[in-house]
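Here it is, the structure, as structure tokens.
First chain written, first letter: the chains are A, B and C, and each begins at residue 1.
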Amino acid sequence: MSDTHFVRNQMVEEQDPPAATTGVAGWLRENLFSSVSNSILTLLSLAFVYWLLAQALPWIVSPTWHAESLTECREIIAELGYGGACWGIIRERWLQFMFGFYPAELYWRVVLDFLLLAVALAPVLFTNLPRKMLYFSAIYPFLMPWLLWGGTIWNPIVVALGFVIGFYAQRLLKPSIGELAATIAAFVLPIIWWLFVAGPVADALASVLPLSIQAVESRNFGGYMLSITIGVVAIALSLPIGILLALGRQSDLLIVRSLSVGFIEFIRGVPLITLLFVASTLLNIFMPPGTDFDIILRVIIMVTLFASAYMAEVIRGGLAALPRGQYEAADALGLDFWMAQRLIIMPQALKISIPGIVSTFIGVFKDTTLVSIIGLLDPLGLSRAILADSAWNGIVWEIYGFIAVMFFIFCFSMSRYSMYLERKLQTGHR
Amino acid sequence: MSTMTDPPKESFKLGMLIYDTRYRSITIQIVALIGFLILAGWLINNTVHNLAVLGKPIDFGFLNDPAGYDINQRLIDYNSQNSHWRAAFVGLLNTLLVALLGCITATIVGVVVGVLRLSNNWLIARLMTIYVEIFRNVPVLLWIVFTMAILIETLPAPRDFRGENPEASMMLFDSVALTNRGVYIPEPLFSRGLGDLPILPDRASDACAVPEDGGPVSDACGVFQVSLDMLLILAVLGAGLYVSGLIRKRADRIQNETGDRPTTWHYRLGVVAIPLLIVLVLLGFHVGLPALKGFNFQGGIHLRNSLIALWLALSLYTAAFIAEIVRAGILAISKGQTEAAAALGLRPNRIMSMVILPQALRVIIPPLISQYLNLTKNSSLAIAVGYMDLTGTLMGITLNQTGRELETVLMGMLVYLSISLSISAAMNLYNQRVKLVER
Amino acid sequence: MKKTVLVGALALAGLSAGVASAGTLDDVKARGTLNCGVNTGLTGFANPSASGEWEGFDVAICRAVAAAVLSDATAIEFIPTTGKTRFTALASGEIDMLARNTTWTFTRDVDLKFEFVGVNYYDGQGFMVPKELGVSSAKELDGATVCIQTGTTTELNLADFFRANNISYEPVPVETDNEAQQQYLAGACDTYTTDASGLAAVRATFESPGDHILLPEIISKEPLGPLVRHGDNEWGDVVRWTLNALISAEELGVTSANIEELSGGTNNPEINRLLGTEGSLGEMLGLDGEWAKRAIMAGGNYGELFEKNIGEATPIGLARGLNAQWTNGGLLYSPPFR
């Protein structure tokens, strides 16, 4: 017996993996230089990035923040020796870019309004918040226009009263005149209230107890505030219309379905800019003589119609994603159509649709730049007006860059949020 | 023994219209229809009344008046004395042109970017993500304006090409000039051309009158001109391709029967190329190069800045969305497909092009259609860069000069609607075919 | 969703929005503000300042009318309008008057049913070219690329001019003055054509204005003036005579500096009638006696407005030229206040 071992009876010391596959070098090799073509691509991209930064950075870092006019900028840049941006215009006008011509002492109302919007949306989006916050969400739609447009507080209150009337009409009349008649009354009574009673009542209340804040004409809206207002109001209003259209499109009733399909396809088939032309040139012709919506209301109406068609498609997708069993289960419970929708279908369909709704909102928000073409002073329109100031006439890139960066920040954060929601909702659903 | 009797026939009561589910749906529909008709009637009534007050009854006669303005970018003959109709038609063709170019480029860029976003090269994947996010989150109108500004500011002006030591020079053997007025590329010319064929010549118009000096009838005679040269070339090309297809079918048949595929590529190339070459020589084909004359480059095909800016901006913007669609489509194909293809010994490129993408197409195409529609609709932002599309002519200058808002905007909307509906109809047809093949 | 309520709010807003009565003058008085359509931004004529105040030569006309009618030169809603929206805004009653460098033409007056109340700026379409192009006349522009603003009379004039002279050109339509300027400076067009006042204003803001010249040809007449709707003569009279009051004030030597003194009464009966110390011209217009005094005090007489907004002391630096009083060889000629 020899004591020669052919089998190792001792563990070999653990060795480090080859240097080329670990650490920075390994990562580089794995992710950037895994093959010849990959290496070439990497080098080309690096060169491109370097070139881009070398062009842009010196231009962006330009000490012209305090310049009072383009001429002054040019003097500073001439001393600098290389092409730089003229940022003085942003310093002088950024408040205008944010709020347009909204009175400066009332800026807080706009800021508060959009902060409250976040509070109102929170319980809808985050299910772990106290349910009582939903009451605030219910109040907010009345609060928001009042804060933005100002005026007497009685206007939003009487409008809200219409809904209360509708609700109680359904509740109280049901035992006496039957369910269907009560439902009809719940629709008709508020409309009568809004059309004929609400105005005088609000005026009377205002004369008795004048609770009001300073009114602001919507013509003074401008800049990002205008974009956000149009976007938020249009999306909020388009949600109920979109739900009705989506239900109409799925309905078995031929006429209802064709009307819904016709509306949706028509709106989706024409560019938004033509709808805005309608708002700016034709809407007043369609209305009874003497009605005079101001241009921002007209734009909001048309953008709402536009958004509703897209919203209808989003919600239709949500409805289609629901398993058939949900509808059948609701039927089996003996729920009628509206109860089934309200209690079973819509809560689930809307939840699935939230990411789609957010991306529709992003789309509409981006599309609000189109209103500059019909002469509204959104950020882009405002930039043209500002450039007509002889102190700044001739600036191009700084303003476009500023507007683009602001839009990017708004839209990017929203899209990231919607992706997060999508992930969260997906795990909940499947 | 029991007798079957029909249940007593209920007499119809008015209340049944509401309470009986058999009739209720009809009631609802009729109410909806009446509501709709009332609304429509109300709007029309208002419109008629308001127009009467304004003294502008609906009248499309103005479209026959001379437009009075010039359009730089035009695919058919047009001058300022032509009617508004023709100006609108020039605009429509421009809309279709940029939409078509945009859809093609957007698809190519979108597919490439979508595939590269999944690349295992970290830097490339990140760069593509940045590209997609930047383009998706900034309004398309800003991109259009931006692209135009970049073209104008960075490319040389024609005057820079002048002089002893010009600051800029033409590219590709002096055949292509990149200027900030657009790109000039060589154009095909025919020294023994067959001329144009006027379609729908209008004898009454001035353009069709034979000039006093007995020269040829003006080019503007007829609603359209069809170039006979191009027709001939297309016919020869089509015939060549058809014959080439026949040869391929025969090769397929032989392969099915014998297992050997005859080499046919030289025949197939020959039947397409040789007749084409003969026709080109007969027509006296030569290339017209752009050259600097006077203020501008003359000759060659002029791709204007506005077209390029709009085209680039729309395609890059839409490509960002298409890239996401492509990426989602690829991710929707199960990993097993890739592995199975790899097990068959296919290389990564072929796996992508022969296994993954064809399957992903089924997922990709429906959202792709809506991106094409979006691109077409977004092309209406052309006015921002002065590209004379339908919005720029009919709903732009014509509207301004005639003050006929109702007629022009409604016509414009109808045209866009029909374009959209036909794109979706065509694409849905294609989609159905793809689906059938799948099953 | 709860947000349905906004529909109601909007319906309410729509209903409470005023119903137009017969006369614009009564409407304006009842409303307490004047709705005045202006340009979305044209150097020297209308642009918002950093504090959000609109300023410029056209804006000053609006202010004078508001001062005359409402005794408050700030009681104005300025509605920025584009070339496309301006006429519908006026026709639909959204604005009471339009002061947006609008050319008085036959079709606008007769076919579009508007009433031009006068001319506040006599302009004409000109060409600007870089000096180095070596062009001294517009007729040498054969084959040139021409930048031009869409939605104006200028593109029709341009087409007519080149057609009449039988020379070719390539139009490059642009949406705003700024884009035209950008293209022109980068050499994307050889020449920029618009109203000569606009060209001068643009040139003044260039880095080196001396490198650019205005060609001698003025190819069109562009009388720019405020306009109102057809058929409301009382309101038309108010705007017309407010403009005339500003012009007459300059002719008669009434300025915002000496107007207090002069309104005490002078030897010149026309000044007295203008300022309301004699006769009852204001009452005839449906206003009070001091209407013209307020209009002039709002910003000064025509000459003062000109100097302040677009005159030679401003960066725009326009000379009076055709816009001088008829006594100085210009075209400004107000009918007498009698």
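Just so we're on the same page, a contact is a pair of C-beta atoms (placed from the backbone, for glycine too) under 8 Å apart; a residue touches a chain by one contact, two chains touch by 3 or more.
Fair warning: this is a prediction, and the values are worked out from it, not measured in the lab.
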Longest centre-to-centre distance from chain C, chain (CA-based): B
B-C or A-C - the one linked by more C-beta pairs in contact: A-C
Rounded Å distance between chain A and chain B, as computed from the means of their C-alpha atoms: 30
Cα-centroid distance, chain B relative to chain C, in whole angstrom: 41
Residues within chain C bordering two or more other chains: 84, 88, 175, 182
Sequence positions of chain B contacting 2 or more other chains: 54, 149, 153, 383-384, 399, 405
Junction residues of chain A - those touching two or more other chains: 277, 281-282, 284-285, 289, 373, 396
Complex contacts: residues of chain C adjacent to chain B: 83-84, 87-88, 91, 107-108, 111-113, 132-133, 141-145, 150-152, 155-156, 158-160, 162-163, 169-175, 179, 182-183, 186-190
Chain A partner contacts - residues on chain B that touch it in the complex: 18-19, 25, 28-30, 32-33, 36, 43, 46-47, 49-51, 53-54, 120-124, 127, 133-134, 136-142, 145-146, 149, 153, 373, 377-378, 380-381, 383-384, 391, 395, 399, 405-406, 409, 412-413, 416-417, 420-421
Chain C to chain A touching residues, read off their complex: 1-20, 39-44, 46-52, 77-82, 84-85, 88-89, 92-94, 175-178, 181-182, 185, 201-202, 204-207, 314-316
Chain B residues within the chain C interface of the complex: 54-56, 68-72, 80-81, 148-149, 152-153, 156-160, 180-181, 293-296, 298, 305-306, 383-384, 386, 388, 392, 396-397, 399-401, 403, 405
For the chain A and chain B complex, residues of the former touching the latter: 31-32, 34, 38, 41-42, 45-46, 49, 180, 252-256, 259, 265-266, 268-274, 277-278, 281-282, 284-289, 362, 366-367, 369-370, 372-373, 380, 396-397, 400, 403-404, 407-408, 411-412, 415
